[in-house]
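Starting off with a structure, shown below.
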Amino acid sequence: MNNSILTLVTFVPAIGALALMLMPRNDRALRWAALIISIATFAISLFLPMYYDYGASGFQFETNRNWIGQTIHYHMGADGISMWLVLLTTLLVPVSVLVSWKSIHDRVKEFFVLLLLLEMAMIGVFLALDMFLFYVFWEATLIPMALLIGMYGHERRVYAAVKFFLYTMVASVFMLAAIIWLYVHTGSFDYSVIREWIRVSIQNGSVSGTALQWLFLGFFIAFAVKVPLFPLHTWLPDAHVEAPTAGSVLLAGVLLKMGTYGLLRFNVGMFPDQAAYNSSWINTLAVIGIIYGALVALVQPNLKKLIAYSSVSHLGFVVLGIFSLTTIGADGAVYQMLNHGISTGALFMLAGMLYERKHTYEFKEFGGLATPMPVYATFFLLAVLSSVGLPLLNGFVGEFLVLSGTFQSAMPHAMLFAILGSSGVIWGACYLLWMYQKVFYGQIHHDENKTLPDIDGRERISLVPLVVLAVIMGVASPYWMKSIQPAVVSTLPQAAGVKAQAQKDHNQDKPDLVSPVLPAAAAVPNASATGGQK
Amino acid sequence: MNPIQTVDYIRILPELVLTAFGIIIMMADPLLKPGASRKGLGLVALGGTIAAIAATFCQIAWSARDANFATPGWFGMVRVDSFAIFFHLLIPAISAVCILASLEYLDAQNIRSGEYYALILFGTVGMVLMSSAVELVLIFIALEISSISTYILAGYRRRNAGSAESAIKYFLLGSFATAFFLYGVALMFGATGSTSILKIGPALGSNPGLLAIAATALMIVGLGFKVAAAPFHIWTPDVYEGAPAPIVALMSTGPKAAAFAVLLRVLFATTSSDWLPLIWICAALSMTLGNFGALMQNNVKRMLAYSSIAHAGYLLVAFAASNEIGRSAAIFYTASYAAMNVGAFAVVSHFGAGGERYVSVDDYSGLGRRSPLLAFTFTIFMLSLIGIPATAGFLAKYYVFNAALSANAHPTALVWLTIIGLVNSAVASYYYLRLIVVMYMREPVIVEAPAPASGAMKLALVLAAIATIYLGVMPGRVLTYSDAGARDLLPTAAAAGSATPGSSTFPGPVATTPEK
Amino acid sequence: MVPLSWYLILSGILFSLGVLGFLLKRNIITIFMSIELMLNAVNLSFVAFANYWHTHPVADKSIVPLSGQVFVFFVMVVAAAEAAVGLAIIIAVFRTRETLNVDRVNLLKL
Amino acid sequence: MTKNLNLWVIPLLPLIGAAINGLFGRRFKNAMVSAVALLFTAASFGWAAWAVWTVWPGSGIALPHIETLGTWITAGTFSAPFGFYLDQLSMIMVLVVTGVGFLIHIYSVGYMAHEGGYYRFFAYLNLFMFFMLTLVLANNYLLMFVGWEGVGLASYLLIGFFFLKDSAADAGKKAFIVNRIGDFAFLIGMFLIIRHFGSLNYDAVFGKIAAGHFTPEAGWGIFTAIALCLMFGATGKSAQVPLYVWLPDAMEGPTPVSALIHAATMVTAGIYMIARSHAIFNLAPHALQIVAIIGCITAIFAATMGLAQTDIKRVLAYSTVSQLGYMFLACGVAAYSAGIFHLMTHAFFKALLFLGAGSVIHAVGGEQDMRRMGGLRKLIPVTFWVVTIATIAIAGIPPFAGFFSKDEILGAVFHSPYGGPVIWGIGVLTAGLTSFYMFRLWFMTFFGELKLGSVELGEEAHAAKAPAQAAHGAASHSHGHADDHSHGHGGVHESPWIMLAPLVILAVLSFVGGWVGVPQFMGGHNEIEQFLAPVMQSGPAVAGEAVSDKDATTSHAGEATPENTKEELFLAGTSVAAALIGLFFAYLFYYKSPELPDRITSKMHGIYMMVLHKYYVDEGYGAIFVKPLLALSTVVLWRGVDQGVIDGLVNGAGTASQGVGNELRQMQSGNIRSYAAWVAIGGAAIVAYMIWLGVTR
Amino acid sequence: MVHQVLFIVFGLICVAGAINLLVQRHPISSALSLVVVMASLALIYLLLGAEFVAAIQVIVYAGAIMVLFVFVIMLLNAGAEERTRGSRMALIVGVPGVIILAGTVGWMLVSGSGRLGGVNLVGPSSFGETHAIARLLFKEFLLPFEITSVLILIAIMGAVVLGKREN
């Protein structure tokens, strides 16, 4: 079981998609089949936290066999980071199926097939430990998502789908180049082998800092577009606005996490020195993203676009946390990934429910909806509050840890970044409350809004898991943290001895410091690059 | 004593089989009523290709028995090594799919002529022979066989002015390029005194004179034309647009694969790597011109023609890598490209309907609803052409770039070439995507219902699609063959390995880890 | 005796004139003839080189220096076949377009 | 001796109440809703009282009493528990919160009886109690922050309770956002604390300080930074300059909310936080100085704005801001006990004032403009008397509660190095103003003639009020409930007993509440200061060094020399005099000769308008921050950077590629000869290049 | 010496014929010029001692192929060519291309004559003997020789397919 569980989780949706393809075009049956398959996948994925060895670090449930030739392996494994992201995925898919229940009535079969294929690819991305396999899954997410947007989206869906596809495609080829380069030099695609090789190479100076820098950038750009990091984010609002609800939920909930996951796992995990060396400008971009995304969100006339820009802002936190290169920051970043998936996923679902009723996302069409739709308003409020980062809800834990970690970081200007990033709590409140007010408060200006039906049982069922999780994750974070933390610790740079020493010296200048809380990463810029040249 | 032994006949068995079937068709054609469908002859032709594949298996079996099988036969004319066998399998397979696609096409275009199939088979003879020939004379003749048959086939829609124009363009420019090739051969003969590829290399030594260099250049011109590499690509869009779609499927893959095979043999016969920078430029130019040219195309056939130029460029990247991985990648690429492109043109062929009316991108609108199978397979081919993982196109591209990055000679330049290639493939995704977009995301503009695909067409599409996916997901076997082919390509240079340092104009660090 | 380079230069001149003819002539048949001229130029090189290698034996005894002449023979065969096909194509073009001017054969472009 | 008090039950009880009402309240009858709400609040109060009783000094249980329930957040070396902390300070707070909170719950049952969303109101109110209790009982800053943000949320929900009214929704949003600005600083403060102490737990942080690791900073250092961040956080919650702007607007909420949240409890959280963090503040003299100055400015500034307000609740709101300024001032002069003392007394009389005002509003059918009131003394006698007590208390006239606490503060200010005579003078002036506007309110409301509907209001005030009223009415109507506020003008009536009972209790407290802090010079023992002393002197070494010889806290409280006594008497006398002067002017202007104010205002029109418009601060903020920000976001960031530059570049790259493609296509002229030309030139280039390579090799 | 003179003479005729092919506007004239070129080339082959090649040059090329050309010219009744300006590229790009090509190749041949060009070629000898070529053709080059049959088959079929009128 332990060896095949990951394969099972990954490919059950694919098998389901195949089965759906062969089913007759009976929409009702297709819906139920999709729901059952996705719930089954979720149920299977629950084995992961159940059988996870929380005491151990490193990857678990590993399978590793030859795939193509001797070098390309089918190597899957989960650690505390990927396990939870997989669970997030398997949770959001059934939920997405539920929200698509009525809103999709044309080409239903194709829709659910694409959805399940997307699920497979997303799970694969988080579990692949072979770079080649990773890239395969990575790109494989692209097609179903682009098709979901393009086939089931709104007016400018084609533009959005193409933009989404091209943006990500262009960026990921650089990652492919980097992966191939690494393979050529290491003879392996295996994550840990490559990681070890880089570490050793840096120590004995057999790889130049310049080369590593380019590799770092190759990976970085692919992930940064996916995150999306300012200024590579402009595909996101378009994609979100045009996507069908399920598409938005998965896009925001999972796809964006692939970017941050990649940054953490590969950029930081494999190139610790480069991560430290580049942290300044990356963090600058992250902070710009936080503020910029929020400010732009503030003035959006469109509900979904606002949520989309809020994602830019929220993901800025995640990137900031990762590139704080502190355990706390990265813990928070991982947690924030999960949080964002839940809260923004919920927000998009809610937006979609409104769309089903009103067929628009424009604020000017709403207002005063709290009266006809009190239950809906309540769910919305909870989602908003989770997104705002209200304590005791999930968002707070992540945001706090991220900012705290950044604040403790030894990266240059970390404190400035943290302070600027913290201002995100203000902006977040601004645009989200503004949004909430626009939709729910005030007088009803459109008569047809007075009779909007409140959400029904199906919709409530689809929302409840997310909202409940938002609360639980806000209160009981240690349950998640106990598996995230070891994974993060083993992913973050085990600071080379030199740098730890440098850090220590650095700290001695400030005797008033009680104890440096952070596990110091490199503050010395590109030490290996200068020392690596023979 | 007969100097020609049984084994020699085995060495040309696929050619013999194909020729025999071709002649049967040629003879049977007059027996049929003038206006009748030639489907039966098509099936015979199909049998011919399958028989050729079987003959190749016969060769494989023989080679397992006879260690000398791979030594040149027919007085050093042909050499049926793993490399040749790879193409012996690939090319008849391509022809088979094209014939399958043609069965429906000829009826749709109201072409009642059995010579069509005979010409395909004879052309296949030429292509197959090209891959195993190791003597420039034979290569030249084989090249002409495949070329002339495609010239004729390109002009097969005789009532169509475009088709005739396509044929004349192809013919004139093809002959023009052949003259360059021949001139190159002449100079090479002058430089070495031999026209045998296997002897040219040793004769030249490691420091060929100017004559040989010029000869290589001129041969590159001729072969570059055949593979549609820039700057000799310019005929491609016009010819592809005018020629019958199934024939485009054939000539964008079969002769191209064969020409690449020749190019591999010819270029790597000379151990000198003077031509590396040249191929570098050709590769970069082909990719760029091909992809950018395709961006604005509204005619699917022309678009795919440009795409074919671009793919020749990717393939040349493998050449530029100039190592065994690169050669293997190039071989694999021909197969992958064949799978996806044959399929794509088969769809174009079916959907074009009578007179090839519907070949603009807009005509494909709503195809996802109108004929789901066609649209689905077409999507697979497009995705593969883009280079999306789990398709042949991705793995092919991956191996090519892998080769480029693992090259020992000119590593920096090849890194740049890789980047150019990757950026190009990203640009390219736009126009392939356009087709997917119109198929699935737009409403149909054509009122006429598309004719249902015939069984043969469906079979062709499914075969091509399966091949595309198979090569993308489980390419292990094929890769083994292409590796073996790459090894066999240079029996003499194999000892020296791929580490032959070129004239290193690009200084750079030597890679730390040896390639496998 | 005549130096080899003279033959080669003559061959080169003829080849260039052939190329030039292809570029400058409008009539398709004349263009085709230019191609034939190029082939002839190549043949001259072949024969000249064959003569050269016949008198300057190579180290590798398995090399047949006379293959140059054989090559010429095959070039002629191919040229004949090409001529047959080419002229048939020309006729086909003439049928559809009523012209032999290449500049007017430009339906397919861009 | 340790004893498990299960402190967590105290906040949890209201949460359960909130959950029950929130989830099922819609189906309950009003009586059921109020029963649940009151039950859980009362239980919470009871538990709190029991807990306080159990650990009361002398009971043998060591204070602070800390209970940890479990870990909330842990990452890296950082960890924050669900921990509860009971010491003298939190005892006072928890009793005030649960006690006053319970009273206001009772009051609300009557006050809200006919409003729509009854269950919602009580759910929110209970939720507020939960967060507020979490705030005061937390044993670490992070958990305090939970309550801190949570009360902000509850405040947001309750201010926006009449959400159909745009002004209410706006006010709620404004409150939340302005509070968030403060929270931002609080967060940074916490990060700094983590960075330097490695923990956010009080015992860890204060323990390290108490252990004497640190000395007060002479200049601007890390402790000043922490203290300033915390202070800025407090200015948000406690409505100090520059973040006070939300509190007056918060009056859009139902009156019990104003009483509970915006007078008695939530707004004092900032004071509590500073008092809680006094150890850090004591290490940062500069920060203390700034706290004092901000408190002083807020006090006088808000008081002046209170002068011209005509809305009864707004007067009280500005008065609250002003009184909070006092408390801030107290903290700034390190007289934390005095601040807490004032916090407590203020909770009593200000809650009373608001509830009384609510009762008045209730009586006059929803009218809030004092100019339309008058002569209510006879009609609602109970309300009149309790409001009278409260007014005297807030004016600072002995022996009512306000006098003692205010006197404590002013005395401390006078002596403190961070205060001094100037700030003291301003404090006294503020006291006078407070007295003036409170009696103004008193006179306008209860004396003279009842003028409901008969007064032609000032142009601007009318314009501002009318739509809001209309909207309010609409809001109530739309809930489909009868609205007792729309009783006819003649139907002025006293509130029901359920509203009056809390008033009476609070009135008693407002009267006697100050007696726990009778200073020594008046023969008292100042019990509250002594009670709090163990907390406030948790770092005795620090205090001694921090403010050296002029330590306000100890010197002021500890010694009672005759000289001191004389001085104290003088100070107290001055402030009482100021209050009486204020009373006199109010009497003069609003009872004796009501035409005088108009004459004065018309003479000093500019100043009057400025005061009436609250110094245009809201408009200024709008013009300086909000509008430019929105414009920047829309024009520069969204349209400019996002759609213009980035998308422009992206799409431009696409267009450019297509353009290049189109140009390249022109090569494809369709002409065979030109194709041959390309082949020829290509071939020539290749041959030439190769030969060149061969030659140069 | 005689050889050289003869070479120069025939070479000049050859070049002149080629130039004439370019200059003439009527296809028939061009065809006849091409015949001149081929004939003089045949003579040059003879100078080289390649009798067999010279013979088939005359028979196949001048005799068969050119006849075909002339036949088609007459069949299509092609007149003098028009002076169209269909392609400026042919001039702008092509002519410099030809010049570069001729220049580089020529330069190479001239400068590289140290190895090749300086060597004089002998006249008639065993070099051109037909039986030697025949041996090659039917032994070493048997396969190409046989495979040309396929080529010719294709040519015939192509001519038939393309040439025959549609009904």
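To keep things simple, chains are lettered A, B, C, D and E as they appear, and every chain counts its residues starting from 1.
Following the convention adopted for this analysis, a contact is a pair of C-beta atoms (placed from the backbone, for glycine too) under 8 Å apart; a residue touches a chain by one contact, two chains touch by 3 or more.
Please read these numbers as outputs of a predicted model, since none were measured by experiment.
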Both-way neighbours, i.e. chains that touch chain D and touch chain A: B
Touching chain C and also chain D, the following chains: B, E
Centrality ranking, top chain (CA atoms only): A
Greatest separation from chain A - chain, by CA centre: E
Chain of greatest Cα-centre distance to chain D: E
Pair of chains whose C-beta contact count is the highest in the structure: C-E
Centre-to-centre distance between chain C and chain B (centres being mean Cα positions), rounded to whole Å: 25
Cα-centroid distance, chain A relative to chain B, in whole angstrom: 42
Centre-to-centre distance between chain E and chain A (centres being mean Cα positions), rounded to whole Å: 70
Intercentroid distance (Cα basis), chain C paired with chain A, Å: 64
For chain C, residues that touch 2 or more chains besides their own: 8, 15, 18-19, 22-24, 26, 31-32, 48, 50, 52, 56, 64, 67, 70, 74, 78, 81-82, 85, 88-90, 92, 102-103, 105-109
Sequence positions of chain B contacting 2 or more other chains: 76, 137, 141, 144, 148, 151-152, 155, 158-159, 167-169, 172, 176, 190, 209-210, 214, 237-238, 427, 430
Where chain D touches two or more other chains, by residue: 654, 665, 668-673, 676-678, 680-683, 685, 687, 691
All pairs of touching chains, each written as two labels joined by a dash: A-B, A-D, B-C, B-D, B-E, C-D, C-E, D-E
Chain D-facing residues of chain E, complex: 86-101, 103-105, 107-108
Contact footprint of chain C on chain D as seen in their complex: 665-666, 668-673, 676-677, 680
Complex contact set, residues of chain A against chain D: 163, 166-167, 231, 233-234, 237, 292, 295-296, 298-300, 326-328, 331-332, 368, 370-371, 374, 385, 390-392, 396-397, 400-401, 403-405, 407-408, 418-419, 422-423, 425-426, 429-430, 433-434, 437, 440-443, 475, 477-478, 481, 485, 512-515, 517-519
Footprint of chain E on chain C - complex, ascending: 1-10, 12-21, 23-27, 29-30, 32-34, 36-37, 40, 43-44, 47-48, 50-52, 54-56, 64, 66-67, 69-70, 72-74, 76-85, 87-92, 94, 100-104, 106
Contact footprint of chain E on chain B as seen in their complex: 3-4, 12, 15, 19, 22-23, 26, 74-78, 113, 115, 118-119, 122-123, 125-126, 129, 135, 137-138, 141-142, 144-145, 148-149, 151-152, 155-156, 158-159, 167, 190, 209-211, 214
